[in-house]
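Following are the structures in question.
In what follows, chain A forms one complex with chain B and a second complex with chain C.
Our next item is the complex of A and B:
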């Protein structure tokens, strides 16, 4: 498999090398090098932003640090770039780690804007230090030892090696637990965290790696340009260059930056060369328009557009066939009477409280959950169900109270640690990783207890079988029905082998028959010993599912009892329908 | 005319023989000699590149009208104009394209901004293509390059020349500056110019710094700055704005406070304050009396060029980029005459060994380059806004007007 994926790349690189060796025009040689420099930069950016979805407008900071490090190292210490470029990678990596640690508390566009500030700030620092213009000292002797070649083709060959290395690195990341974690973060950071992924740690690793690669590229770029100015390595346009080639070509794939750079860099150059002298500035207008048109036609980039087109042509029949979901057999009808009472308490909640300003969303909530039972938490809109849930699984921090999991206090622990402790969850709003297959979606949840990729795959396959989705394992999540998505989310939670499952409105949006199918699956899971806590807005289907109900109203426990008792309880009817109706009930 | 087969073969053979005997340069001699102009023609610095282009076109026209390169049998000069864009990276690419597509080019002039010249000369140096530049940075000729020729005085040399020169001008006009003020913004170029002044240059010529104000563009209100200047009553103000709107605010306020129009002699830095475009946003009254120090400027003896510039391009005066670039092609022509062949190595050698006597177009010094490629004894020009035109007031042999200096 490895060989099959690497071989086309090596052949592509070899073809590029052969072409570059045939080019004798030094300008075209420079172009061939620059295409690879910007493709590499796009790949490095993609390694972080493409996979995690956290858009960085500030990758120039790593690029520039690598560039200046290499220039200053040669000017002041007469070191060779052969040594400086690898060390520049360390500099870029360190900067990545530092910036990540400082900036990851921010999310989405706040993160993007904060990243924008770093290169702009450091640009001024280098101005202030008096490094407005640096030139690499020319070596008449030992030119090769200082990476100064008279033949431009050598730079192209070096750039090919560099690009190929980064592509292979990207693919290795993409296919490993690292890449799956990043993709999970991109698709849904909360879901990833709930699936047991330590999102902060993975994001830090990603920005460190991306910063390191970018630093080395910046260092190499200086050897091509031979002049460094703060604008040319820290400028807005440098960061934008990485974004442009990647977004144009395709985000989240190694092919994107390669396609983007191969088209955009020569186009920009040709326009400037052919039109620049006659109509100064016209190249910018045409270049900009071309990008606008392509982005309008292919918002995710050329690669995805082409791939989706090809899929539609070839993959249409395969989709239609694998629609059926097989429900595990041997399901007995829902027992409406006997709670499985073996007496052992798995989850104990004591006096849990949470306020948002003056609003007491959850106040003094206490209840116990017995191992292997199904507990339903219900209540009208705004009763505090989801807040209670978020307190239980670590997404929100409680103000007061205790949460005992198997007698151990897990009060206020982070989601991925709770996941490791055996608590799985699903979300009210479904959070599938849309571009991934069902199997890939589920495997993300399996890494928490798997030593290697193969073991994780096995756990995932097992979980998929338990929810009856085996037939759909290779389909893309975006093609699934609501019910299938619910089951897939359930499988993802199951893949981490939880002892306790927290389900947030798993039955919402399902028709009566679909809901019945999901209920069947859930009962089977309970039979296998998994404790389930499910919150629902409506009572109807829940009556046939749960062993006990906790009814919440205004953030507090209204009643706790069996389904039969709950349906007849006036207080519950009142809470749901108002006092007027309780009299009729 | 019809050629028979035999005659055709004979002539073809003869041609081949001549070509193989005389080599490529023989071909070139019979045709044209390519010279380049690599300047910013797009982006932020396009205005300056356009001026340089006018100077280049006029010089090449004149050379060709007067019979081309005589040592090459009257070969005409052919000007190749290339845009180096507005960044160091674009400049490098453009230079690479130039050396790749014009292998017969013998010399080039460029690239206005020091940053661009540093980038483009990395390429021309490796291609052994002689380059003449008006850029100031000392670094350009500190790299040990063999094919770069700096025609202006370097920044370091200008910094030490400018202050004593201004004091000399003041004295010649009846002034005697003792106390000086600085108003500068905090952009890199301004800060770099002010730093050596604060450190020692002012002291060296016996000037006392009484007001030293730095602001961040854009300026909202110039009143506090100008009030400080008024209360200190300096004999000379150094003014270093980068943004034209800031310059306008300060000059208007000075005028309002009765210090404008040269009543407090003011010296600005940089060519931007002396471009025709200034008159679009400011009245000539505001600019009246403002002094500038610059690498070169249209001066006495350049009247024909000024007239041609006015007629051909409707430009009101000859600025640094026009005159300095004009001069570059005259120098290149002389080098070609001396080299006797259209070959870049020969032109480079000719430039290094040339001794063209006193300079006619660049201020001061000679048409002669030292080991580093710097023009020997290159001087500078002091100019002053007088009645809506920046005129040369120094050096005396080039001055077209007497300096105006307020005697208080």
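Our next item is the complex of A and C:
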């Protein structure tokens, strides 16, 4: 971690500490601690939900388990919270792992709502066990050894340390392959798998880490209040608190929860203190109105709103700083010396079949691809081209057949393993990571073969150079043209050093000149020894690009031949245009 | 405990579950309509229901429904009058708030605007709960009708034993719920409005291309969903005392029911709500009262984890 990024945080923490030391009113002392507790909780939530995009409505389950673990450990075993809080983190982490393993089979909204059920199910169990209200036993003798301080400012200082640690942890995650994997999952889980990311493993790590951090925060919260009830730690409003501070401030950045908590918690508390007694309810109304108004003005949270505004004003210089990657020119392309068409078979497909119910999407497809060659796959819409790709890169499990990659059977392996074995892929529908720079987009594909972040950056820069996007490496993806996006996706696939590239309609939506540019890039890649299998509709371009064609129709191979032969083949014309036309051809 | 008593308890709980389940079903249908058409998770749905309960209560006690229709029919008339009021509330809440972070506008927002929708509806829920407390007070109230304390008796079914008590107010509420859902299914299946709603749900952009006003369809779905849940609240009011924060309890039941049924399916949502009602009441046979809600959630998790698309949902994953 660079000093430059840590320094402002440390200064911010120091400033907060100074202010908190000046506060003598115990009510405000508590408030300053609670701001940090809820900010930390938001950060922990963000660590999982913000980066993976899987919204959890149930983070109170980790918070509550940590809280009750610490309370019960003190009441029944007289253990010190200095020991219990780290163990509470282990409890939260274990709960995260278990819940993740059970619940990750659910997608999007189902996942979010299923998460809601965990804390609520447990809440009632604690009620039934008779733990409606637990008070931490007071220690007058060894107060400090039991984390009990008469001066509320000590709790604030502890909370500052805790929050700072979580911020630094979050930033470390954000900038590592861990964070990149999570962001890739958020954008498109399928594409992430194809880029060699074991999505389930990363999601489990994320929820375990997030659960562990949350468990520790819950444990600390109990020590601040010295009393715990099921509703105050497992309740729906607790889970909602994490969402609220984070979404209000901005999801997917450490600043979001900090900003959100710093604004919302004091606002709520002060309103309650000043107005709640005289007009019960008015504080909630004002608080709710404030949330509604702000979110209508800044639907993605305050941080992103402000940042987008500032970027517009400064004309994009803000991001140049973040992506100031010097491109190492000395890196050699993966394998320059492999000659083309030496007759060696890299991919051999035998009798591959896949049915969806009664529909035979791919039936008995067989073909070979020579190393360093370009194979074109054509066929009318619905011929099974994309399904074939899905079978080859592991998105779908074939029913029968054989797939040999360099002589090794890879039939039915998962996408990230196939990617590691050297199969790269791009998609018909582009899914760039809109807020990331080109370099960051591409680096996600590079982690599969990189030992550390620096190496991944170098591989990414190399891949960007090979598609000719070096000049645009620091621009953010949402500013790119279609052609540049296509090239960027190509670079992302290349960054994983594939031996075999599956390209799904890479030329779609490009003008003739743009298509020609991309074709030049593809030819150069083939010359460097990368084998390419490409799906494309524009015959005009394809005839000049590919070495051989496989024509699919109704899921089966119609013809396999050279471009010259294909264009004269009556069966191909018939499949594309119908029998009437083939008579005239 | 002898066998007849066991059987009686079992049937009694089952009956209670069926009756309360039908009303839960209606609540869930309101929510499912909103979610199914708009894909918006609305956390304020329980609070709209609370408004429906209070609207029914005040219509009944203060706006002449009780003297005009009496204690027997009055509560139901009030519930049905509350529905159009909440339709209006839903209509305007969508127009001025929800529509600004949902629908065709938000496709380019991070997470398709879900973050903004969640927090917006949480904000609305806060406002409704607390404004409710300011206006209605925090006292627990209920709509009083003699029906809620009288019952029809089925049986004895087994010699002199096994008599099932069917609470009249609950039975009527359940029957009304089922009729309303049947009517709704006919509207959605057969009318032009229903087609517009289904088209908007299926693919909002394609619906726009064929001339459906998707924003308007969303507004109607939101208002209709709000009013249906409010009606369910009105029907529940004679049997369940309520307060301004009652929405929190029910919004979770509603989501559990909707997810169980398979997100987006109207009929599925009804059966999901019904299932929740039955599990809740039947669990009382074997579990202490405090664990009844835990039973719901554990059952809910089991079903969802075993059948990720819900009981009635279809698998729709596109590459």
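Simple rule for what comes next: the second predicted complex is superposed on the first by the 556 of 585 C-alpha atoms of A that agree within 3 Å, B and C clash if a C-alpha of one lies under 4 Å from a C-alpha of the other, contacts with A are read in each partner's own complex, and residues count from 1 in each chain.
By definition in this document, a contact is a pair of C-beta atoms (placed from the backbone, for glycine too) under 8 Å apart; a residue touches a chain by one contact, two chains touch by 3 or more.
Being a predicted model, the structure only gives us computed values, none of them experimental.
Q: State whether A:28 touches chain B only (first), chain C only (second), both chains, or neither.
A: First partner only, chain B.
Q: For A:381, is the partner it touches chain B (first), chain C (second), both, or none of the two (neither)?
A: Neither partner.
Q: Touch check for A:137: first (chain B), second (chain C), both, or neither?
A: The answer is first: A:137 touches chain B but not chain C.
Q: Counting only touches as set out at the top, which of chain B and chain C does A:299 meet: first, second, both, neither?
A: Touch status of A:299: second partner only.
Q: With both structures fitted on chain A, tell me whether chain B or chain C touches more of chain A's residues.
A: C
Q: Could you look at A:55 and tell me whether it touches chain B, chain C, both or neither (first, second, both, neither)?
A: second
Q: Based on the superposed arrangement, let me know which partner A:110 touches: chain B (first), chain C (second), both, or neither?
A: Once the two structures are laid over each other on A, A:110 reaches chain C alone.
Q: Examine A:513 and indicate which partner it touches, taking first as chain B and second as chain C; both and neither are also allowed.
A: So A:513 meets neither chain B nor chain C here.
Q: Once the two structures are fitted together, what part of chain A is touched by chain B and by chain C alike?
A: Dual-contact residues (chain A): 127, 280-281, 283-284.
Q: Quick one: in the complex, what on chain A touches chain B?
A: Counting only chain A, the residues touching chain B are 25-28, 30-31, 34, 127, 130, 132-133, 135, 137-138, 150, 225-227, 229, 231-232, 235, 237, 269, 272-273, 276-277, 280-281, 283-284.
Q: Across the complex, what residues on chain C touch chain A?
A: By the definition above, chain C touches chain A via 35, 39, 41, 43, 97, 100-101, 106, 109-111, 113-116, 118-120, 122-127, 129-134, 138, 244, 248, 252, 255-256, 259, 263, 288, 290-294, 297-298, 300-301, 304-305, 308-310, 317, 319.
Q: Which chain B residues qualify as touching chain A in the complex?
A: 41-43, 46, 81-83, 85, 87-90, 92-94, 96-97, 99-101, 114-115, 118-119, 122, 125-127, 137, 139, 143-145, 188, 192
Q: Can you tell me which positions in chain A touch chain C when the two form their complex?
A: Contacts found on chain A: 53, 55, 102-103, 105-107, 109-110, 112-114, 116-118, 120-125, 127-128, 190, 236, 240, 243-244, 247-248, 251-252, 279-285, 287-289, 291-292, 295-296, 299-301, 304, 386, 390, 395, 435.
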